[in-house]
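Scrolling down, you'll hit the structures one after another.
Same chain, two partners: subunit A is paired with subunit B first, then with subunit C.
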Partner chain A sequence: MNQKFISKQETQYSDDHLIQLTTDITQNKQIFTNIFENCSDVVFQSFEIKDHTHLLVIYIEELIDTKHFESVILKPLMYEDQPNGLGNLSSIRQLFQEQITSALGAKTLCKVTDITQQVLRGHVAVLAQGENKALLVNVLNLEKRGLEEPSSELVIRGPKEAFIENIASNLALLRKRLRTPRLKIEKFTIGELSQTDLAIAYINGIATNSIIEEVRKRVSSIQIDGVMESGYIEEFIEDLPFSPFPQVHNTERPDVVASMLLEGKVAIFVDTTPFVLIIPMTFWSALQSSEDYYERFMLSTSIRWIRYLFLLIALFLPSLYVALTTYHQEMIPTSLLISIAIARENVPFPALVEALIMEIVFEALREAGVRLPRAVSQAMSIVGALVIGQAAVQAGIVSTPMVIVVAITGIANFTIPRFNFGNAIRLLRFPMIILAGTLGLYGVLLGILTLLLHVASLRSFGVPYFSPISPLSLGDLKDVVIRKPWWAMNFRERIIRNLNPKRIPEGQKPSPKRGKDGN
Partner chain B sequence: MRMKRYLYFMLLLFLPITSGCWDRVEVNDLAFVMATSLDLTEDGKLVETIQTANLTSEGQNGQGGAGGGQKIITMTVTGKNNIDLDQKEQEKMSRKMYIAHRSVLIIGERLAKHGIRDILDWYGRNPESRLRTYILIARGTDGRDVLKVAYPLERNPAVAMKEMEKLGSKTSVTLREFMMVSANEGINPVAGYIEPVTESSMGLKQQEEEQKEPDNLMLKGTAVFKNFKLVGYLDSEETGGLIALTGKFKRGSITAENIPGVPGNVGLNITKEKLHIHPYLRENKIKFNIALKAEGDIFENNTNLDLSQPQNMKIVQDALCKSLEQRMRRTLSAAQNKFHVDIFGFGQAINRSNPKLWKSLKEQWDEKFSEAEFSIAIDLTVRRSGMSGAPLQIKEDEVKKE
Partner chain C sequence: MQKISNYQLFVLTILFQIGTTIIFGFASAAGRDAWISMLISTLIGIFIISVYLVLMRLHPGLTLVEWYPKQFGKWLGTPIAWLYPLYQIYGGGRMLADLQDLVPTTILPRTPPIFFLTVLMLVIAYGVYLGIETFGRVGEFLLPFFLVLFCTEIILLISSGVVHAENLFPIAGEGLERVLKPIWPVGLTQTFGETVQFAMIWPLVEQQDKIVKTTLFATILTGTVLTLSNIFAISVFGEITFQRSTYPLYSLIREISLADFIENLDAIGVLYFVVTAFFKISLHLFCSIRAIQLLTNSKNSRQFILPVIISSLFMGLTMTDNVASHINGVHMKILAPYFTIPLWFVFPSMLLVVALIRQKLFNQNKG
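Presenting the complex of A and B:
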């Protein structure tokens, strides 16, 4: 099926694929007008210069910087003195290179497809009568958004700039943080029609070759018509598609990318999206926020434990509530049980149905809140809070404890720093509730076992997903169980198997004594 | 092939729904039994009274704030054995009777005297029944009369009794402890006893008082069992001795009167106790050395002694030790002379230190125990003497410093 799809694509281009430019400019023009038929944004401009050489300029008006185009191409060609013997285009190119330094990235091409491609990327193609080559000058000028605060990963302390939809700017943001020639950036083009730029970034000498090689292999084997977001790439390169857990990290924070590259991971930048992919990803990295590393380590450690606690709550609280109140009433303290029973007195539904109704309504509220225009969302949240929080309880449709459980679960879910990981937990809650409502604690335990088995067997680019807990790597627990202070983070994570495990030289623990010795 | 796999997967999804759920029951379909009482009628039939929390009225109370409606429902049935009684109780209820949250089992005096050996099995066998349920004897009355009392301080009398037992200043015995002790050699079980009392008798004439229903409960002392039969009671004071002699004295007070040369009394709260029993045989007589180490704080001083002075403290300590010893001896003599039953576990102590000797004593332990002799050594440390040395209200020259 794939094979068919590609061959179809190829036939569309097969005519021009092998075609070289002719020396006749009218014929060349004909080729391009055929290619760009009904492309109203493509401009063909013919003119003559002093020696009566016919020139043809092809460009896309919206993609280029017109002023730059004029000063770099039009003016030198039309008004300034030309050297004699403008016989072929390579001399024009020479001229550009020698005299007009502002024309960077100029090159000559002779294949029609290549020229077409470059024009579509914002180059200006200059063709001349009697030449079977075209000069291409990069005068690309894209409208782009300014740097803004990250919208999905907010921090209180830490850099406040986020990636934008332009790959070049994004790579610059990364380079700003890692000013070393060892930061390697390899470019790929993906998407038969979209021709999207994609870049793999890693630090030479830290990231393992096997992982880099694997990323190259997986990325370059992607065959797709267009790439709109890095999510497309993610689904092509992950290890196990049938898993609720994300196996590729995504972030819109340049500092996160830089710090992960320092740990020996590999980043994948995709043009037209602010979200950068990082591999490999582990279960625990989903529970780490970049701010953990900027704040004091004691605080970060305790915050991490709160996250672990609330991860469990987000995943198991509704199911435990359902299991305990419908099967194991003996496990609830007497007075609590009586309170629950009183609250449930008028509720017509079984606890399972009640939990599902409430969870689904909560999810609906959440989804509506994300998609709604900002102006309307406030009205909706009031309606949601009033209807569910009060009216439903007063009407006896749901019980207060269930509202509390769902609310705590909702809050708990928001404590997970990785949004897509939180979504996995959000999704898994439902089978857990159903298991709890049908099999009681036995079902909950079955669910936990299944989840553990799944997570422990999952791998992200060869790195066990649940590491360093399983397989246990004691040294790596320094960044999971606690967040060691920076001067004690002496080694890189062993589980990623990086080339250079040593990270920070030992003996840098600050103390009043050290200053004296130093002086 | 692929379709088939999806089909199997779908079938798997239905599995929990079809096989599960069978024992699912919502909390609002349960009747929570808070307390049970068992009595024996004069013609030898078992009477069970259960008390369940009435959630419907509590719900209204909880929201409306104002009182009204009954908080508990009491039901009584007569039957042959526990299963029979249960069945009959269930026939009266629209909700499933749920006994896992029962906190007390009250045995009426007549049944206790008749013997409770044959009714206990169900309590250990039924998985829903909790062994942590406290067992209490209703002194001088039937268990159902205790359950009738509308206890004022708690939601229902069952909670009240449970909390009283939990405070731990009196004998508190759970079903588990009762059964374990019964199954052991060299010790006999006891249980707390409870009495309905009339509280609001102040200002009432004698006649009115008699008519008034009891409105409070009192956890007073200890019921002593021998061969699963109630043989008598230890009063409040003797219960204190029993607690001290079983090493459970974590809370409770002793008062020293008769302090040599000083009028008045001193009260002490015990906070810690360590007990060591050393049995030995001398001239064919069983003797026990009881060494008791205790700590406590003085909470009341009605003498003119300045307790910040060590020599005064010494006098008080000695008096307190004597008082505690007296109390223990009173309990011992009650057990030895009145009931002829070892409720302290002295037999166990012999068994542990000299199993051979125990084998020869085992058969007639009750008699041997009654003849045993005890020497008691108390080491009492007063940790704190409160906020003042001498009582604050007496004049300086009245205070005895030395």
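Presenting the complex of A and C:
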């Protein structure tokens, strides 16, 4: 696959450049100064070593570790008592390898485009007079931030490190958790100009070949100028673009990636972003948090049910309120109906308009909150709570029950562990409110049916999105309806069709007797 | 072609058979013995459905509209086969007419039917576009809720203290004639005869050998649910009110009252009916579209979705002026005896006879 992209690059340059290096170093220099014209960050350094061989070193200053560069490349070359006959690259390479150990991975290349690529990736190219090849030494030193706590998926119990914007560190974080040669990492390069590194990770013998093959196919057929975030890749590889629901899981937690690989899923790492994609994704995996598996199973099970309940509330509460107060007042118990009616007495708007106003204002508050400079957030929360909450009610623009409904809905939305899934729910709330305001509960019902039809028809890489609930897969309910204790999770999810269904040997239920008779 | 699992077939069969029978109640002419009529209908219905299943076994992999041309020849078989998709469009329209009466009288008094029926048809069109597998999945998601709601309803009724079992007695006190009268033809055509159109879906089921068991089990469950609904409706209302009410099972839900807090749940009941109607209309139209596709030998069935949906909607909107003519009008006087009986009973029996004879001749020739 790499070949494909490089060959594209070749055609791009071949018009005005020779593909192969020449033996004349000045001509070679000319080639590269042409390529790197107006690239002020590229450094060309010519010098002569002891036996009068001309050398040319090309590198990008900001990408390399300058100290390292000096100590492992410049110093040996300038070394006072170098052996004679160092004039050719192979002996220079030998020298480097002796000096700097093989870890830096020096290699010789002849093609101009390859060399250009490597220089752009932080290698140092060394060219010598009379040689038609270049030696490339990896002294990459990318500025990167340290490992921090994940900002989008917080847990109380569980590992607190998150991925960063560097694919190599991210893969290392994964490898740290799965120390097996069966963890395979396949590299791709995507983006004609950005040349972004992308890696597919899976566990050999667990992930199904058909899914891996499908991922390879979809990923390698992407043609794009540049990739800035894994979201670009997600939109190219998902099954149904016209859907509010995310069909590719994303996470910045290495433990989530590792555990999902153990379930037979496939991860896609993209350089320059901490968000790793995992496929296939299901509706229910969006409602699972990694902490569910670290906490006691009884608690996790009940927390899951709270999430399911609040998913429904986040989606339907405003529309139910609108439908009941507009069309089906008789269903509200009398005393409650009276207090709602009193609260709504002064409100000039119908419930539908009131709900839309409040929901939109709430969304605006949320959106503003995300981008707010920290210094003004205090002021913002006062504006939000006092002005919109209390003053609007006192002024008779909205009713108190409506404020309560919107507030509960807002809280409910944050119980959904996957942020982008929560956004889908946020978005769907509005058509539901409009249906409720025009057709009452009948409209809400039709909305539910449409949603169910849509969700039931979705697939993520061949796995039905709504499974294991529908199509029903009884064995897989252990991780949806409840969270079985670890010693009872004997099988991997069947819906993902992994190669090795057996996961944890049976009979490990702890008991006082266990272990006494040598088990 | 999309396939559905046997469990999905089970679910769809139940939802289809319950359909609108649950809206209008059943056999109210039999008064307090309506539940016996229902029980007998179920037994005969099981027999009729067995005939359809035998026909399916005789034509493995073929759908309803392919049976007739195969046995009767192209010139006689194809016109008969065409009657089914056309009747299914009408059937969808009739279900819409059911809703046209039910929804305004219960939950949306001032909304014009054309509005709420068009929205419903849009949802159905989306579902038919997605295919039978999607319906199967939605059905299997919803059925547990249905059964739980049904059980809750019964528990709530009992705890509301409105169930008077003495209303059921004397059993068959007015003679057998009154019990048997509603069974033929309405009881059999409405709920069980229509199941013949599942012959359009049977070839799409994964495990062919289990279809018989699945379908019969679904039919028994439907019969049980409907019989229980009738028993409860009668024991709550007594014979007279039961006979007079248009939507007895709907009124039944109205009777629920718990601690003065949970009451007036009738809107929930209507939604319950809308969902079953949704499935029944969708299945009618899906089968119709698939039949048309097979009869016209076209590769793509999606081109038929819009015409079928629109004609069904048009029929539903223009069929009747009021609920009385809807229940007792043209449909019962003309279509039921002259259309449904041939389509559900006469043609399939003829088909069975012809198929059996031909098979016997074939076996003799072979031997």
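Here is the rule we go by: the second predicted complex is superposed on the first by the 486 of 519 C-alpha atoms of A that agree within 3 Å, B and C clash if a C-alpha of one lies under 4 Å from a C-alpha of the other, contacts with A are read in each partner's own complex, and residues count from 1 in each chain.
In the analysis below, a residue touches a chain if its C-beta (ideal position, glycine included) is under 8 Å from a C-beta of that chain, and two chains touch if they have at least 3 such contacts.
Quick caveat: nothing in here was measured; it's all calculated off a predicted structure.
Participant: Could you look at A:445 and tell me whether it touches subunit B, subunit C, both or neither (first, second, both, neither)?
Facilitator: So A:445 only meets subunit C here.
Participant: If we overlay the two complexes on their shared chain A, which of subunit B and subunit C does A:337 touch? Say first, second, both or neither.
Facilitator: A:337 sits against subunit B, while subunit C stays out of touch.
Participant: I'd like to know which partner A:347 touches here: subunit B for first, subunit C for second, both or neither.
Facilitator: Once the two structures are laid over each other on A, A:347 reaches subunit B alone.
Participant: Does the superposition put A:369 against subunit B (first), subunit C (second), both, or neither?
Facilitator: Neither partner.
Participant: Tell me the contact category for A:472 with respect to subunit B and subunit C: first, second, both or neither.
Facilitator: After superposition on chain A, A:472 lies in contact with subunit C alone.
Participant: Touching A:464, do we find subunit B (first), subunit C (second), both, or neither?
Facilitator: Touch status of A:464: second partner only.
Participant: Output check: A:327 vs subunit B and subunit C. Expected answer is one of first, second, both, neither. What do you get?
Facilitator: In the superposition, A:327 touches subunit B and subunit C alike.
Participant: Touch test for A:456: subunit B only (first), subunit C only (second), both, or neither?
Facilitator: second
Participant: Do any residues of subunit A touch both subunit B and subunit C, and if so, which are they?
Facilitator: Common interface on subunit A, subunit B vs subunit C: 327, 330, 334, 439-440, 443.
Participant: With touch defined as at the start, can you tell me which subunit A residues reach subunit B in the complex?
Facilitator: Going through subunit A, the ones touching subunit B are 325-327, 329-330, 334-335, 337-338, 340-347, 350-351, 434-435, 437-440, 443.
Participant: Give the list of subunit A residues in touch with subunit C in this complex.
Facilitator: 327-328, 330-331, 333-334, 439-443, 445-446, 449-450, 452-454, 456-457, 464, 466, 469-472
Participant: Applying the document's contact rule, which stretches of subunit B touch subunit A when the two form their complex?
Facilitator: Interface residues on subunit B, with respect to subunit A: 16-17, 20-21, 23-28, 30, 32, 34, 53, 55-56, 58-59, 62, 98, 100-101, 103, 128, 130, 159.
Participant: Would you pull the subunit C residues touching subunit A in the complex into a rising list?
Facilitator: These residues of subunit C touch subunit A: 5, 7-8, 103, 107-108, 111, 115-116, 119-120, 123, 126-127, 130-131, 133-138, 140-142, 260-261, 263-265, 267-268, 270-271, 274-275, 278.
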